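Order of writing sets the labels: A, B and C. Residues in every chain begin at 1.
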Amino acid sequence: MTDPTDRHYDREFVRSFFTSPTAVDGEDDSAKMLRRAAQLRGLEAPDVWVPDNEDATAPSMRDEGARNIAEVVSEHGADFPGEIHPRVVWHRDSPETRYRGFRHMLEIADPENGAVEHIDGFVIPEVGDLDDWKKADEFITIVETEHGLEPGSLSMSVIIESGEAELAMSDLRGELGNPSNNLERMFLLVDGEVDYTKDMRAMTPTGELPEWPELRHNTSRGASAAGLVAVDGPYDDIRDVTGYRGRMEANRAKGMTGIWSLTPGQVVEANTAPLPPEDGQWLLDDGSGEVELREENGRWAYTGDSLWIEETDDGYRFQAGAETRECDADGLREELLDRASYVPSMDDIVDSMEQFEAAKEAGTGAIAMTREATIEVDGVTVDIENDRMWDEATYQAAKTPITLFQDVYEHRPDQHDELAERYSEDVVERATAVGE
Amino acid sequence: MTDPTDRHYDREFVRSFFTSPTAVDGEDDSAKMLRRAAQLRGLEAPDVWVPDNEDATAPSMRDEGARNIAEVVSEHGADFPGEIHPRVVWHRDSPETRYRGFRHMLEIADPENGAVEHIDGFVIPEVGDLDDWKKADEFITIVETEHGLEPGSLSMSVIIESGEAELAMSDLRGELGNPSNNLERMFLLVDGEVDYTKDMRAMTPTGELPEWPELRHNTSRGASAAGLVAVDGPYDDIRDVTGYRGRMEANRAKGMTGIWSLTPGQVVEANTAPLPPEDGQWLLDDGSGEVELREENGRWAYTGDSLWIEETDDGYRFQAGAETRECDADGLREELLDRASYVPSMDDIVDSMEQFEAAKEAGTGAIAMTREATIEVDGVTVDIENDRMWDEATYQAAKTPITLFQDVYEHRPDQHDELAERYSEDVVERATAVGE
Amino acid sequence: MTDPTDRHYDREFVRSFFTSPTAVDGEDDSAKMLRRAAQLRGLEAPDVWVPDNEDATAPSMRDEGARNIAEVVSEHGADFPGEIHPRVVWHRDSPETRYRGFRHMLEIADPENGAVEHIDGFVIPEVGDLDDWKKADEFITIVETEHGLEPGSLSMSVIIESGEAELAMSDLRGELGNPSNNLERMFLLVDGEVDYTKDMRAMTPTGELPEWPELRHNTSRGASAAGLVAVDGPYDDIRDVTGYRGRMEANRAKGMTGIWSLTPGQVVEANTAPLPPEDGQWLLDDGSGEVELREENGRWAYTGDSLWIEETDDGYRFQAGAETRECDADGLREELLDRASYVPSMDDIVDSMEQFEAAKEAGTGAIAMTREATIEVDGVTVDIENDRMWDEATYQAAKTPITLFQDVYEHRPDQHDELAERYSEDVVERATAVGE
């Protein structure tokens, strides 16, 4: 009778998944990195913080790492604005590693260490088939029972880094609610492309990771079908902010909202990228791709050099790349309308939703939303007017970024000031109220 | 003993899937749109017409919509040249909606209303797991039984608009023929990208729908494995004919022949796009992509500006983009041959098939098909000759568009005149005879 | 207790899968092609040789083909440097075809014919569901039993050329080790795009095969999950070496290392493409894509025309496509560093691995690998220095091409001379020793 797509965890969206080494050798305080991460606030603080007692921490330091997690979370956990999900060691092919991960969970979650009330769940890497996921689930069940915790209070997230784990996501939905497991505790499906690439034995000439579009689709779909949240793996080139943003935009088009972050700087990017922009932006497809127009005195000017317009005696000459056509004013308007598109701001989206809600209230099922602009190319200005029909389905689909915003607003009071500064108090207020 | 890939419905291919609102408020005749659609003929009439008692019709009008369907189909159904598959309401998460859809089916299929003999099946939107598909199948079984209809006479098509429905398609084949269901009635797998995007919580900057290539692959594969027909979802930008054609071409490369149509204009496009062209066309890859050459006096001229040829003292200078090479006449021929490709006309395909059939009859398993052309670039003309080996596998693969044409010809006599006009009587006659 | 990903066959990688007709009509010696292929050596000899008693051989010649296989393999099999896997006839929809394939296997494997000790397994085309795979497996079990062969000594490879076979790969892992079958004998998953395209009823304007990226992903994933080897289908345009290499590069990024070869020339390409290059190569992204720089006197020169650098009074003007920026020396270095990437040679990879191993030995878990170059654009030279962090995961992922090389070196002594000539004795020696 329970529907697995009824998400029963707190956060509906996770934007950022930030890992920290749990114990660094050769420092006065081996927990230094943990302590620093635990004190991040606002946009620098991730939605999910992952004290990483696996790959980010040297094997010899992991017992100490587990103790560090307990200590630092016990001290700072109450004030940390995001959720806390330590990653422990695990491997589908190694019972020894699994048992070690179990003992680390037992220690981290021991109420005597004072951390468990701030621990939201555990992250299990290197899982295999669903039967392997069930072993981890069983260990967490035992941890809960041994320590007298509420059954299901610890969530479980997994890293997908093998072909068998990718396949397992297709069958997960059918296992949730099964009386012989507690997989309802599942929370995140996180891609781990480095180890996945190794497991698939894939190679690229430069050693860069493949894009793995199918894996990301399957992870997003698995999350959708099982009511979970999909998160993409680490983006190694920390300096490449443009690349990181591009990857997130591609991920969102797949329904994968979250991404791994390796630095507080990446956390800021990951926390802001999925939110609608402050200002709307017109784009023009000039043949080389969609380029941003520059707003100047109420006009949107094209400044690239792949598209030209020239006035002629009896109309206009329009050239895009190698193609040239003569047209009149209407033809020119049509041409630009076809090539133009608009990225709505938060304010625009809220506005459209409010309009549609009012129309629905008044008994109208579909309304046209009109957006106007003056576009300027080579000194020639053209007024265009873009109509889009909104019906219930459009409304529901357009709502996703607003639902995300509302989820952020509810769970991250520490970001309220930064959001108000970004969007204005008024827009924030309307955005939290619309569509309820 | 029955093979699910033996298609047991009438049409093997469906090019166009056209939806009409069933009841429009504020009109003298709320069934006006239905009545108009029911009278479409020829290329404007879809292969599958879908009186849409779900999203295209306001929720408050749907009971009236069900009555309208019965009335209009009873009046016009006998003369309608395509199949008729009303869409009823359904939702995997709402028993109330499912029961309403059941009652609408009961009403539409009631023999007293005179429509059911012209109704080919029902379209069920918003399905979830296969267990949900089985609920719809059971309701249709009851409708057939209650109304004394032939078991299995009503087909069932579903709209894939959730992650769980996408996953269900992988398991469908294994369920067909199972004695506890009647899923052999399955007909179309139709993608519904608007609601799928919402369900996957995907976002794009401009609000455009993502491309969802993996979904379309999985739908096409699911259809292939279960002997069904795959249909892509609506293409919203009705004015963008080039985009609609591009989408259909990409779909056909995935094995998805059909597409949703929102207007009679889109129906014409959808009905003609999968058929081979009237005339062959040479293409040349000039570095920027494959561009069409223009036929003039028996030569195929390149008119773009990304590729140049110049005669030199001892041969030719060939330039494509930034690359330049010196070559002799043979080198130039090779270069152009590598870059040229040919889009065969219906006549060409029939011709090649006839040649191969004759060769096979004479005991030859593989023959070379030669195609010649004179290509002109910057006034330099080059004769090229393209050989392609045809064996049984090539023949079978090349046959798909002809099989499609024959299917169209058999089931759509109302399009015979338009087809003869397009291809000539002779070509149509040979195309219907070849490969039988 | 057995893990299906423990590969229990001999070769871990298969680069080339070369098919030969088994009997050609109208020749003095109908086994001529077989005899010629059996005597290939070195880089021209494939890792897996497939006497093809299916599509490459006329139906009427296949009984003779089976006899030819036995005869030629009995004569030349002992000296053939690769594995030998004849393809027999099979079809999921035809019991008659399946029975014929069974009889051919019985004949080829009959010890009296002297070939079976050199036969490594059989290739089964046109499989359907897993239940169909099990029928082939059962026939091979009977062949082994009847002929007194070691159980499991004959491997089984399948050609994926239907939607149902593609789906079957997702479930294969769960069937391996099941006591009622012997599917542990599985070896290769080979895509067969010609018949797959027919089965999916896909069409392209020119008749070229679609790319089928999702199929290739699913095949690679299926192989990874079941401990098998993935091989791509035939590349028809034999003259198009660049296209063949491009396809193989794309395949490797999917984890699909092997490819079908139709000629000894393609075998050479397939055998060498997955091995690291002899020399390293810098690439520069000039906006049109990643282009190779040309090494001259220790500098790497850009010779394209999409990117310009000019010295100005107070720094540099940098232009890429339509974008221009002014910058100082540091800005210019950063710009080029962002755009540059390096394809490491075999020597480079071995070197990095050795460095990492030494560091690990000394107790360091991660080290920075630095790579320097002087890049020259329009006469302006810039020194760049690229740092990359290597940890255990990077090391493991980078190791794949070396593991492949070691597998080749172990199983193909006939290629040792050519490998030493390509890489030098020293590099080969270090490459075989590293990472053990």
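We adopt the following convention: contacts are C-beta pairs under 8 Å (C-beta built on N, C-alpha and C of every residue); 3 or more make two chains touch, one makes a residue touch a chain.
For clarity, every value in this text was computed on a predicted model and none was experimentally measured.
A.B. asks: Rounding to the nearest 5 degrees, give the angle of the rotation that lays the CA atoms of subunit A over those of subunit B.
C.D. replies: Rounded to the nearest 5 degrees, it is 120.
A.B. asks: Are the two sides of the subunit B and subunit C contact the same residues or different ones, given that same means over half of the numbers occur on both copies?
C.D. replies: Different, since under half the interface numbering is common to both chains.
A.B. asks: What whole-Å value do you get for the distance between subunit B and subunit C if each is reduced to the mean of its CA atoms?
C.D. replies: 35
A.B. asks: Counting only residues that touch at least 2 other chains, which ones in subunit A make the list?
C.D. replies: Those would be 170, 213-214.
A.B. asks: Which part of subunit A faces subunit B closely enough to touch in the complex?
C.D. replies: Residue positions touching the partner: 3, 5, 13, 170, 173-174, 213-214, 217-218, 220-225, 249, 252-255, 257, 274, 283, 321-322, 338, 341-344, 365, 391-394, 396-401, 403.
A.B. asks: What residues of subunit A sit close enough to touch subunit C in their complex?
C.D. replies: Against subunit C, the touching part of subunit A is residues 55, 58-59, 93, 129, 162-164, 166-167, 170, 194-195, 197-208, 210-211, 213-215, 239-240, 288, 304-306.
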